[in-house]
Structure formats: C-alpha cells, structure tokens
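Below: a set of structures, written as structure tokens.
Here chain A shows up in two complexes: once beside chain B, once beside chain C.
Moving on, here comes the complex of A and B:
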C-alpha cells in the first residue's frame, strides 16, 4: 500500500522547500527560546495540526498543477497507493516534528514525574491531530489544485464559526449543530484525557475521529481514481 | 467504475469508512441518551445563594450561561470544569454559578436564569460573566479553548475595568455590562480612557 520511493520523495520534497522549512522553524524555535530563557510553560498539544498544515499544503494539488502527478502516474502505480503514501508521508513527518517539539519543551521545562503522564497524552493528541489534518488536506487537495486546499480549509472553517455563532445568537440549535460538526470534520478533535477520564469511556469521540479520517481518505482516493489526467500535456 | 487495476477503488477503505460512520451514528444516538459522565470538579453554588456568598467571601461571582443543546457548552464543561487545574482556579477565585437555560434542579430555577439572562444581556451560549463589587461586569462569549478561558478567568475579566474598554482575548468578546457602565459614568470617577 505504501510505495517507498514516493514516500521518500515526498519527505525530501517537503524538507527541501525553503518556505515550509522556514514556517516549521518559526513554529519550533520561539517556544524553545522561551524555554532556554527560563520561561517554562507546561508543554501542551496543538502543534501537530499546524505542522500538518505547513507540510501538507498542496499535497495532491501541487503535483497535479505542476505536472509531476501525470509523470508519476504514467508508471504502474495504483492511484490509491499514491494518495495513501502522500498522506502517510505528511502525517509521519508532522507527527515526528510535533513529538520533537513536545520532547524538547518537556526537557526544557523539566517536567515533573506526574507531568510526563500529561505530556504523554499531549504527544498522542498531537500525533492524532497531525494524522487527521493530513487526511483532511489530502481530501481538499484532491478537489482543488495548487495550494487551494489551505484556502478551502480556511473558508470552510470560517463558515463553521459563522454557523456556530449564528446558531448561538439566534438560538437555532440546528445551525449551531451544523457549525460545530463542520468544525469537527475539518479539524477532528480528540481530547484523550477527557475521553479516558469519562465514565464510561466516550467511544463516540474515538469512533468519530477514525470515521472522519477514513472518510477523508476514501473520498480522496475515489476522486483520484476517477480523475482524468492528460499524460501528453504534463498536467490534468 | 474506472478501468485498469491502477485506478481501482479502495474498497477496503470504503468498507472501513462506512462501517465507522454507521458506528458513529449509532454511538451518537446512544451517547445522547446515556452521556458519559466526567467528574465536574467545580463546586457550583445555587443562584439564590451566590450574592450572599460573594459578599461574605469577597469573591466575584462567575456566571456560566449554558444550554443543553449547545455543543460548545458541553466542550467547555468537559475541558474546563472537569479539569483539575481549571476547576481549582475557579473554586479558589470565584463563586461559581451554572445558569442552565430552563434551570437545573438544586442550582437554579427557570425564572432565576431568565432574570439573569435579561440582566446581563446574554444573547448566545456559552457566555461567562464575572460580577464583582469593585469591577464592572466582564463578559466572555463563546468557547475558544481551555487556555482562552483560563486567561479570561486569571486576569482578562479585570481588563474591562482597568481601561474602561472592551478588550478582546483570543476570540472572546469582553463587554462591559450596559447597566454597570451607566452606573460608572454617573457614580465613579473616570479611571482611564474610554
């Protein structure tokens, strides 16, 4: 399912992009500097989504726009494998960076023995967040070319917030419900501490997360399988 | 159906996605009837006792306006009121009052909540209002995460009095209550720019 040359190529492609690297460093370094300067806030989850967004922007749309997608798919590579491999590459890289970020912050903050449990939850949440964000971007990137997936994500997120706000303001539960679930679909949340501390365990949160990720990937692979690509023109 | 094996659909993925979606819907129905419970660590005070307790302890009252149908309110309750650190902060610094739309047995009646909603001009859920004797009431609408609530409860609500303006904290809209603002205009010396 995972095509190793595509996986390696995607990692290198992402890591060789100066803009992406700059954004990654901007996300990493300030927190570490604060840690070195003696500011030691409790490390929390949250960076996984942003690393996925930076690394996964245009994950399918960019190669589709610049013609490399046609080049890769002119070889006997199953399109499903291509999509899954690209998603996996972004998810692993973003998760790795999020774990590195949390680990360094944890060391700088000299987290107490009890705090490592909280840090463990934060690390797992970051990995899950990066994996889900990469899946959402893979779907959006299969719909629009270039970096349009990020714009689409931002627009849909704003729509979700507006619906939620309107629902609350107008006391229309249906609007609020739609906005809330659209937001969850775009940025699937999984607060593991809450999930595992509730009695009984909220399996809905776990299943909802897995459902969103699989639906995004299934839809992305389907869109790619049905896509007509012109191999002569170098693009679609 | 696309032709050729390289364009074959991922049936296993669709199978998993559809099975998980069905399970998600079923669990959604089940958990709406039998919601998992988290230990709510905030010591909520009945509406009727709040003002007296606030006077006795010199702590401001924290009103949390909520509704059963409001999803962000549930998230607020799960992430903040069931969190040991946040709950400790609230119990230590405030007289907490949970004003649930329609009232809640042992804590509030429908009439009490309606009166508070009118008094503080609450138009959306969730809304947090901090009322103290020496500050104008500060209001935070919506829920943008645990840290934003922590920031508002730690110091954000005091900002409304310090500058006489309505500062914004991470998506929160903090407003001076109109009635109190009118009272301040007439009754207290100007404490800063408006």
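Moving on, here comes the complex of A and C:
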C-alpha cells in the first residue's frame, strides 16, 4: 500500500520547499525562544494540525495541476497507493515535527515527573491531529487543484461557524448540528485526556475519529480513481 | 503488441469528440508514428494509452493486458510533451526515482540510471544539478532517460526531439533505433514529419479523432524514392522518350518539364539504369537529386484537397 519511493520523494519535496520550511520554523522557534528565555508554559497539544496544514497543502492537487502526477501514474503505481502514501508522508512528517516541538518544549520547561503523563497525552493528540488533518487535506486536495485545498478548508470552516451561529440565532438546532459536525469533520477532535480519564472510556469519540479519517481517505482514493489526469493541459 | 480498437473519447458531456472509433495496432519492435494536425486527437490518444484518460468506448490491448494493468505500466516508458518534472530534483535523482517507480531492482539502479543518462547524451556535470537549471534540450534528454529505463517494451513519446539541438536529434534517433532493434514498440507523436519518416515503420494519419490512413513507410509504394533529373537539352523524342526510358529502367515518370523530370524509382540500381538510359536516349543529363520529405508532401496533398 505504501510506495516507498513516493514516501521518500514526498518527504524530500516538502522539506525542500523554502516557504513550507519558513512556516514550520515560524511555528517552532517562537515557542522554543520563550522556553529559552525562562518562560515555561505547560506544553500543550495543537501544533499537529498546523504542521499538517503547512506540509500537506496541495498534497494531491499540486502535482495534478503542475503535470508531475501524470508521469508518476504512468508507472506501475496504483492510484490508491499514491493517495495513501502521500497522506502517510504528510501525517508522519507533521507528527514528527509536532513531537519534536513538544519534546523540546517539555525539556525547556523541565517538566516535573507528574507532567510527563500530560505531555504524553498532548503528544498523542498532536499525532492524531496531524494524521486527521492530513487525511482531510488529502480529500480536499483530490477535489481541487493547486493549493485550493487550503482555501476550501478555510471556506468550509467559515461555513461551519456561520451555520452554528445562525442555528443559535434562529433557534434552529438542525443548522447548529450541521455546523458542529462540519467543523468536526474538518478538524476531527479527540481529547485523549478526557476520553481515557473518564469512566467509562468514551469509545464513541475514538470510533468517530477513526471513521472520519477512514472516510476522508476512502473518499480521496475513490475520487482519484475516478479522476482523469490531464498531462497536456490545453493540448490537442 | 499494442492493439487499439474502436477507441472513442468525448469531452464536455459528449459535445467535443476527441477520438472517434480509432483502430490501429503496433507490432513488437515497430515504430509507429501518430501524425495529424492540431486538434486531431493525438494527445487524447496518448492519455488513453497511458490509462490517464478513460475512453468512452473501444479497447486498448497490450500483450500483458489492457492499459490499466500494472504489468503494462511496468513495461511502458513515457516521455510527455510538457516537461513538467520535479524541478528541485537533480537529473540523476529524477531518473533514479523513476527507476524505483518502474519497479526495477535497486541493485541495478546505479548502472541503469548511469547508462540511460549516458545514452541520451546528458553531460555528466549536469547530472547532479537541479532540473530547474536545465535548458529545454536538457530536460528533453533527462525525460527520455527516464522513459527508456528498463528498457521498456512499449515506449510512448510525445515530441521527443522538440527543443533538442541537431546533434541531439541524431543521438536520440540512434537511441530509439537501438530500442526498436531490441524489440521495443515505439509510439511516436510528433509534428516533425522528417523525424517521423526517418524513425517510423508505419504512420497513422489522424484527423478529427479518426484514423484517416495508415501508411507503411517501408512498403513498395511508400518506399519508392523520388529523384529529380535535370538536363541541359532534350532529344526530339522528349516526353515519350523519357517515359520509355523510365519504364525500361523500372521507374515511373511523374513530372516532365523542359529542363527537368521527376521519376519514382524503387532502388539505387533503378536510378542508375534510368540515368544511363536517359543519357543514351540523348538527354544531356547535368544532375540527379533525391527528393526527400515524402510524408510532408503526402500531408500537403491531403491538406490541399
């Protein structure tokens, strides 16, 4: 399922992009600087989504638009494998960066023995967040070309907020419900600390998260398998 | 072998018909030219052969299966017209990447990538440079290098010598002729008719998404060379005499003018016999020249009708 040459290629491609690298550094360095300057806020999760967004923007749409996808798919690479590999590459890289970020912050903050449990939950949440965000971007990127997936994500997020707001304002629970679920689909939430420290454990939250990720990847692969790949763009 | 049968493809809900019942085949070790005007459907045909576009109807059958079979893809090399490669990669890394994607054994990577880059004539000092620094001709060469890895059983080429210098054109032609000799089936989409004529065994002439004709460039009819014979003076027999001499030499008189005649001849020997016969018949022959560009004239003739 995972095509190793494409996995390596995607990692290198992402890490060689000056814009992506700059954004990653902007996300990493300020927190570390604060730590070095002696301000040690408790490290929390949250960066996984942003790393996935930075690294995964245009994950399918960009090679489809710039013509490189056609050459790759002319090779013995199943489209399903291509989609899954690209998602996996972004998810692992974003997770790795999120873990690095938390690890460094944890060291700088000199987390006490009791704090490592919290840090562990935060790390797991970041990994799950990065994985889910990469899946959502993979789906959106299979629909629109170039970096349109990021724009689409932003638009849908705004729509979700509007629906929630309208639902409350007009007293229409259905609208609120739609907005709420649309938001959860775009950024699948999983508060592990709450899930695992509550009794009984909320398996529904875990299943909902896993089903959202699976649904996004299934839809992305289906869209890719149905898609016609133009390699000439305006040719005859 | 590659066989295309009744291939049709439309766009925009059927309003634009790109391919209309196209049928042809390419044999093992054959170079097949796809020639036609802009909008003839050549690029759509390539997309269908590569499994990138889905035909509305018809079939594409390779020896290993249809166009979507991974075995076919593993046996296929492809050079696109638009050289949209990963510009951050070096030429060597790019070809090595495609070597891996083509499922070639990793142990052969170093040797096969090196051999491919050498055979297309990419200068060694450019191998480790990023592709974004390459000229059009260098991109064409590195693109061809990834396409010929294997070597492939099927090679689909879209304008392979576009932007390449004359020496490069000769080198690319030599590479393709070598692959042909090793049994690779080449499908060549090109507007450069002289290149098609020099490389291809047969040519599929397409227009409006249909196969207008399939010409065998090696058949007697197409293989007949045309020569122009110029003379300073003509004997009294004139046209009749020239026709008689041509017939006895196994040639055909196509055009007769006061100071020149155009003859179709099947071989060098026939041309020699023709010139000898004309001289003996009283034509003061001052020059003989072969006329090239048969395919070009063929197209010009069709366009004129």
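Heads up, the rule we're going with is that the second predicted complex is superposed on the first by the 229 of 236 C-alpha atoms of A that agree within 3 Å, B and C clash if a C-alpha of one lies under 4 Å from a C-alpha of the other, contacts with A are read in each partner's own complex, and residues count from 1 in each chain.
Assume a residue touches a chain if its C-beta (ideal position, glycine included) is under 8 Å from a C-beta of that chain, and two chains touch if they have at least 3 such contacts.
Bear in mind that the values here come from a model prediction, so they are computed numbers and not experimental data.
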item	value
First (chain B), second (chain C), both or neither touched by A:77	both
Chain B versus chain C as contact partner of A:203, first or second or both or neither	first
Which partner reaches more residues of chain A (counting touched residues only), chain B or chain C	B
Which superposed partner A:194 touches (first chain B, second chain C, both, neither)	first
Partner chain(s) touched by A:16 [first = chain B, second = chain C, both, neither]	second
First, second, both or neither for A:176, with chain B first and chain C second	first
Touching both chain C and chain B, counted on chain A across the two superposed complexes	73, 76-78
Chain A - residues contacting chain B, complex	44, 73, 76-80, 84, 164-165, 168-169, 173, 176-177, 180-181, 191, 194, 197-204, 207-208, 210-211, 214-215, 217-218, 221-222, 225-226
Residues of chain A touching chain C in the complex	3-6, 9, 12-13, 16-17, 66-68, 70-78, 228-233, 235-236
Complex contacts: residues of chain C adjacent to chain A	38-44, 46-47, 50-54, 70-71, 73-74, 76, 78, 80-82, 84-86, 88, 97-98, 100-103, 146
Chain B to chain A touching residues, read off their complex	2, 5-10, 13-14, 16-17, 20-21, 23-24, 27-28, 30-31, 36-39, 69-72, 78-79, 82, 123-125, 141-142, 147
